[in-house]
Amino acid sequence: MNTDQNVTDINIAYIGGGSRLWAWKLMSDLALEEKLAGTVKLYDIDFNAAAENEHFGNLLSSRSEAKGKWRYQAVKTLKESLIGADFVIISIQPGTFQEMASDVHLPEKYGIYQSVGDTCGPGGLVRALRTIPLYVEFAENIREYAPKAWVINYTNPMTLCTRTLYQVFPEIKAFGCCHEVFGTQELLVAMLKDIQNITVRRDEIKTNVLGINHFTWIDRAYCRGVDLFPLYREFAAKYYETGFRIPGEEEWNASPFRFAHRVKFDLFRRYGLIAAAGDRHLAEFLPPWYLKDPETVKYWKFNLTTVDFRIARQEGFDGQRRRVIAGVEKFKLEPSGEEGVKQIKALVGLGEMVTNINFPNHGQLKEIPEGAVVETNAYLSDNSIQPVVAGKLPSDVQGLVSRQVYNQETILQAGLKKNPDLAFRAFINDPLVNLDLPNAQKLFHEMLRNTSQYLPGWKF
Amino acid sequence: MNTDQNVTDINIAYIGGGSRLWAWKLMSDLALEEKLAGTVKLYDIDFNAAAENEHFGNLLSSRSEAKGKWRYQAVKTLKESLIGADFVIISIQPGTFQEMASDVHLPEKYGIYQSVGDTCGPGGLVRALRTIPLYVEFAENIREYAPKAWVINYTNPMTLCTRTLYQVFPEIKAFGCCHEVFGTQELLVAMLKDIQNITVRRDEIKTNVLGINHFTWIDRAYCRGVDLFPLYREFAAKYYETGFRIPGEEEWNASPFRFAHRVKFDLFRRYGLIAAAGDRHLAEFLPPWYLKDPETVKYWKFNLTTVDFRIARQEGFDGQRRRVIAGVEKFKLEPSGEEGVKQIKALVGLGEMVTNINFPNHGQLKEIPEGAVVETNAYLSDNSIQPVVAGKLPSDVQGLVSRQVYNQETILQAGLKKNPDLAFRAFINDPLVNLDLPNAQKLFHEMLRNTSQYLPGWKF
Amino acid sequence: MNTDQNVTDINIAYIGGGSRLWAWKLMSDLALEEKLAGTVKLYDIDFNAAAENEHFGNLLSSRSEAKGKWRYQAVKTLKESLIGADFVIISIQPGTFQEMASDVHLPEKYGIYQSVGDTCGPGGLVRALRTIPLYVEFAENIREYAPKAWVINYTNPMTLCTRTLYQVFPEIKAFGCCHEVFGTQELLVAMLKDIQNITVRRDEIKTNVLGINHFTWIDRAYCRGVDLFPLYREFAAKYYETGFRIPGEEEWNASPFRFAHRVKFDLFRRYGLIAAAGDRHLAEFLPPWYLKDPETVKYWKFNLTTVDFRIARQEGFDGQRRRVIAGVEKFKLEPSGEEGVKQIKALVGLGEMVTNINFPNHGQLKEIPEGAVVETNAYLSDNSIQPVVAGKLPSDVQGLVSRQVYNQETILQAGLKKNPDLAFRAFINDPLVNLDLPNAQKLFHEMLRNTSQYLPGWKF
Amino acid sequence: MNTDQNVTDINIAYIGGGSRLWAWKLMSDLALEEKLAGTVKLYDIDFNAAAENEHFGNLLSSRSEAKGKWRYQAVKTLKESLIGADFVIISIQPGTFQEMASDVHLPEKYGIYQSVGDTCGPGGLVRALRTIPLYVEFAENIREYAPKAWVINYTNPMTLCTRTLYQVFPEIKAFGCCHEVFGTQELLVAMLKDIQNITVRRDEIKTNVLGINHFTWIDRAYCRGVDLFPLYREFAAKYYETGFRIPGEEEWNASPFRFAHRVKFDLFRRYGLIAAAGDRHLAEFLPPWYLKDPETVKYWKFNLTTVDFRIARQEGFDGQRRRVIAGVEKFKLEPSGEEGVKQIKALVGLGEMVTNINFPNHGQLKEIPEGAVVETNAYLSDNSIQPVVAGKLPSDVQGLVSRQVYNQETILQAGLKKNPDLAFRAFINDPLVNLDLPNAQKLFHEMLRNTSQYLPGWKF
């Protein structure tokens, strides 16, 4: 449905992206897209990191394979990045590995294991509390300096980041993007190959998506006219015990980020719906069925991602960054698999697309409060995003999801009001927190204290 | 607002009531009401019990203090009781003490303690499963033989009994009555005496009621123009540690049915709302904060009600019944404190009233699905019940309540479809069931087997 | 349900009431209520009128039949009246008879006849436009000086007055009262006497009320257990041609305010619901079925109320006021038939009541937008008003009502934004305005010009 | 987004299409689509017409330019056409020109002019009444013989045809298609050329569509990143007086089907939204602003389409059919401009698309009852249609639209219950029917009588 037009004067504010490789991935995708060009202003609390990205970006732009020519410019203030922006991309790390270590590992002392710790559970909650003030500031600055810009969030906790933006500036044009559903669609691609020896592309898999980020569900999936549910039933049964490895991916135990989809298969067996996120994320939204202890995690063939591992991984990234910047290593220009650039194209009027995004509920998901951020398909077209009516979850899954939605609403209020009592009410209603009240209080306060540097104005 | 009319040709079908003293209480209230008279047909699966009630009722009617003259007649079939009925009162015991013992005590082997076991938790769930088929039958018979009658339910689990009636026969005119909110209003009466030395009647306490049966909340309470919330804050603080005994009632440890309101005070401290049911009920809707083990229960000053105790109590009732029937003991004719007869008066057009009842949601409770049975105030007038718009719960409490609502919807479907898988999904989402999946399966199936006699057509 | 308490320190701000006898009626009801006492501050744009009312009120209070003792005090500013107020009563005349003459009679030149001209139709619309700025001012002052007071509106157009208060100050505790539904209930009382020779009181008639002020409908009515709809069908048929006179009332043609209920009977025959307002009001909400021309009005046995008649009537009031103030004539102290004082009693905690009021929609009326002001039953108790869930209108009547509701929303926006284009969109969508566009424009602008003194800041 | 797959075994039931050229257009589009093939079963109440279409279709399929090869087969019963169908296409003429003449022209005697008479107004209403029983039969047969088929309706009145299908068989997978919005998008294409000299394709115009069929509105339109509303404002002003002719189209007065968009420009000036249908249709949904009399119609530069003209046109079609069938004339194989085949492709999994369709409301259009058929964008993909959340209309336009929606609901009930009283309630609430009640009754009954042959079981 594309037009033959190019849009070559796009202004993007990129907030964050200093520490990881996210920014480079987006830069790659921009470079590979011939119809777009413009300027990216890079803002990071670590200016040097932004400057490095500037350097890298301009280098990339100068390469001959780069069809889309972009100018990168590191700026020193949020305001500078925002003025004139058509798009704002936010991808930050709230806090340091030190806070993350508290989020993820302190609860282990109380018998609470988290496979990620950035979305829900005690870790996700505390991470949300330190993220909310940052997003309040983003929203206020966007209202002031770029009120008409499209804002794309990649930071976790996805739901609460997006929700905060809308709460502070209701007219904001923000949405959140996450590739977890894509991963499940890739699993369905692999399934078709495995069960029926048919090769299809991910974009041929048509799914109805319902839920909240990292706890999304698919209640209908078709490909080339074929209902995928009977096949998935067969597939889940076939690999229920052994788990499944998507060809080309590592074994589940080769990396803390991998998993064998056993949690997903178990959830399908129980609820009849396809849970559409990585097993590491799914497990955290549920009572500790899969996260009871490290042995249980192993049994279900996924992993607890330690912060030590993350630190080591970051060092790897840093090394790579240094080598590339120094010209010692050449960065391989290849598509990231993310949809960000495709979304930008649709929003500037080059084509249109339907994909899953995180967006305030305006009726697309039934029986979820108006305004809560949900993940469903949406229609992106020329300067417009409109959710697709996804319907409703069956009562059994809805009971699991709505509990999290109300917890998120409570955490939002806690963060905005800097109110530890409100936060604690969400804490003890989290499925992973099965502590008695005194222990819950103790853990909660210890976690808050560990992150207190990022809780300006809080009293506890 | 009463008229000066009498209504003397009312036909009541009384279903159940054979084993306990519920029926006698209602008979007393009927006898004490001078404006009503008519016929009560008594149906019980134990015909002898119904016949005893017939005998007792007619005896009562013949007493000179009895201002309302009623004729009692035991009948052998449900159909006979229903034909011609203006009102149907249902108050049954689903199953025997044997099933109840499994409901309440088997989970204790898995570390799950229940203070009542008839509403939620594993016991309430299994009780619901064996109640639903009975209520399907009631609804079908009412549709056939008394479609215009008002149906008043007193049986627990209240919500699912009422919900089943509407699911099977959507045009039914049914509602559920429970005195737990009254108990909380009595606590507020006692509070006014204790804190301000003011004596008021319960009907002067005006409360807004939101929630589901046994897990109802009050978010606004006034008496004689005074906001009761600041007083309750003071009151809850004063008695937080010691608990409170309503003057005239037994100490919390004198009877398994008593409690010192500490759970209620703790919930108020946490959520800022007045939980409006007995502590024994409230505790069961929450993670095992108050029900972790017998010591915790004791610490919070309420009790686990054993089935042995219930059996002994029943024997006491039986003895009393025998003595009264035999003329050895005189039954004291006094008001029960229940509102059933007052409600009947309003519905036949003698006055009107606003009180809390259990009724399908038609917008009275926001963010709860249409049709789910909720407990709020309602306006009862001439042949009409209309819920009062109660508003919505704050997100923290709503998270607790909506989880139960969706569980109930799942249990309903399980019961109607005779589907153990559906029931299990509700089982493992119950806040009291913090088991790993294998243990949850084991307990669930053992409980189902123990009640299998009451699950006709089930396969598991 | 009353307590035995008295409340003797109530502060009432009475806004308006200078020109007519409304204030005196309320004063009478206050004097006749023994449980209430306090102070009434009188504010009117005509201070002399307020001072006269002060004089009259204090005189009344001093009479021995006056059981409730109130102190009346005329004040010179709105602010003075509001400070300390527990209740604010608003009953004003927006504009003079001159503007009213334009509202009511100018459209006649275009063939548009209005029986009242204060609610809908071209006259009601223009009246609303000049009322809205006054109510904006009231709302702003109440927010500033009496934010917790209960505000009772008696001014027409009722819906838009109440709607404006909420739009400007959403936390206001306002509602609107109107006796038109009472009149229909009196008709049902008369019907019972006429058809069945039974004498009942109005408060024994239980009705479900749905709609908007002056265009309310009853879809269920019972009295003493009897369904009144079959009787009304008989009654409407019996008097369809001749019309009906409530015993004790004047003939329909003896006063421009009277009518013979033929419009009501015709609407019942067509829609099967009881229209619950005077025929003069009902006719104005519909296409000119009943208001085609003066002959048609006569045929349906109601009247066009001329402003000349109103002026003459006002002179009668003025004379009476003068004579009473001068002590020449004694004012007869008798109940007004209004419910204002009963409502005040309920709201201060002396009893409770269910009655029809005008209130923002929170789900009491289905398929009407949230926040639009609707008229249904509501439950008034201690410092609380909660609507009763009334259900929904059938599609045929809903089509008539919702059209008016959206018109009112448009008029509100027009009034707040001082936007004649918006107002014109509502004008040409009014059922009485069946003009071609050029004539509609002409009439509209002439009417606006005639009322321009009351449209500060408007440009047209 | 297309796959490279072909689907060559599609079964289509084509109901109707005997008399006009609709069927031939679809056959052309099918022939031009290389990825699809299969069988079309043709059912028409006139079997000869179906047989002619069979002949024509197979001839077309045999032509070398026909890339998609289809087999056509006329069948004698509805059932035969439906068995095995993947798609059901319905395009019928309810009644003959005789009934249509009554629909369109009889009201003229009462001063009511209709430019089309097939959607709303007195003609549309009566046409709906005779269409509903036919669609009841279709729905019942589809439920029986093709419950999983996608049903595409092209018959008018579009809304009530689609609505009836869902009312009778709620699980039906039906939607209605209409090209009127496309026409408005073509106008925007022409506008871009006219105002900015830019040439774009219709599929580059991105619009948000809200409303009901033939009375749809666009509240947001972009093309290539440009907001089209300011341009449309300029465009509407430029051509307000003269009207506008899309280059390549006839002058407005060259054919009764043409118009100069003056109604559309006037609606834009008044409401600020782009009305998205032909002026002939739009005018009929409004009070007779544009349809007061033939002069007014001429003034606004559109036409009253007479049935005589339709008869003459039909004779032209018949001649063409005969000549083509006889081989005297060659049918030109060219795209019809309709989207039916593209929709079929999306639904069989070949690509996906977002376009405007008529579908039951599940929240896509706010403040319109659940289940009412509305026209908004929807997402068509593999065996799935999901509406896009379109938001809500402003109160002024909503007042116009909701009135029609409730009328349609009333007409539906009238048709299903064969109830002339219900139909009359809708009749007198139609904006075009500004008659007094006696005349309305007279016209209504005369119209009913004229169509009585198509109202089986009705009594009036």
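Letters A, B, C and D mark the chains as written, and numbering starts fresh at 1 in each.
The rule is simple: a residue touches a chain if its C-beta (ideal position, glycine included) is under 8 Å from a C-beta of that chain, and two chains touch if they have at least 3 such contacts.
This one's a predicted model, so the numbers in the text were calculated from it and none came from an experiment.
Among the remaining chains, the Cα-based centre furthest from that of chain D is the centre of B.
Centre-to-centre, using mean CA coordinates, chain B is 56 Å away from chain D. Centroids built from CA atoms put chain D at 45 Å from chain C.
Taken residue by residue, chain A touches two or more other chains at no position, since every residue touches fewer.
A ring topology is adopted by the chain contact network, closed into one cycle in which each chain touches exactly two others. Chain D contributes residues 1, 3, 5, 7, 200-201, 203-204, 206, 208, 220, 222-227, 348-349, 352-354, 362-364, 366, 377, 379, 381-384, 386-391 to its touches with chain A in the complex. Interface residues of chain B, counted against chain A in their complex, comprise 270-271, 287-289, 292, 296, 367, 369, 395-396, 398-400, 402-403, 406-407, 409-410, 413, 421-422, 424-426, 428-429, 434, 436-437.
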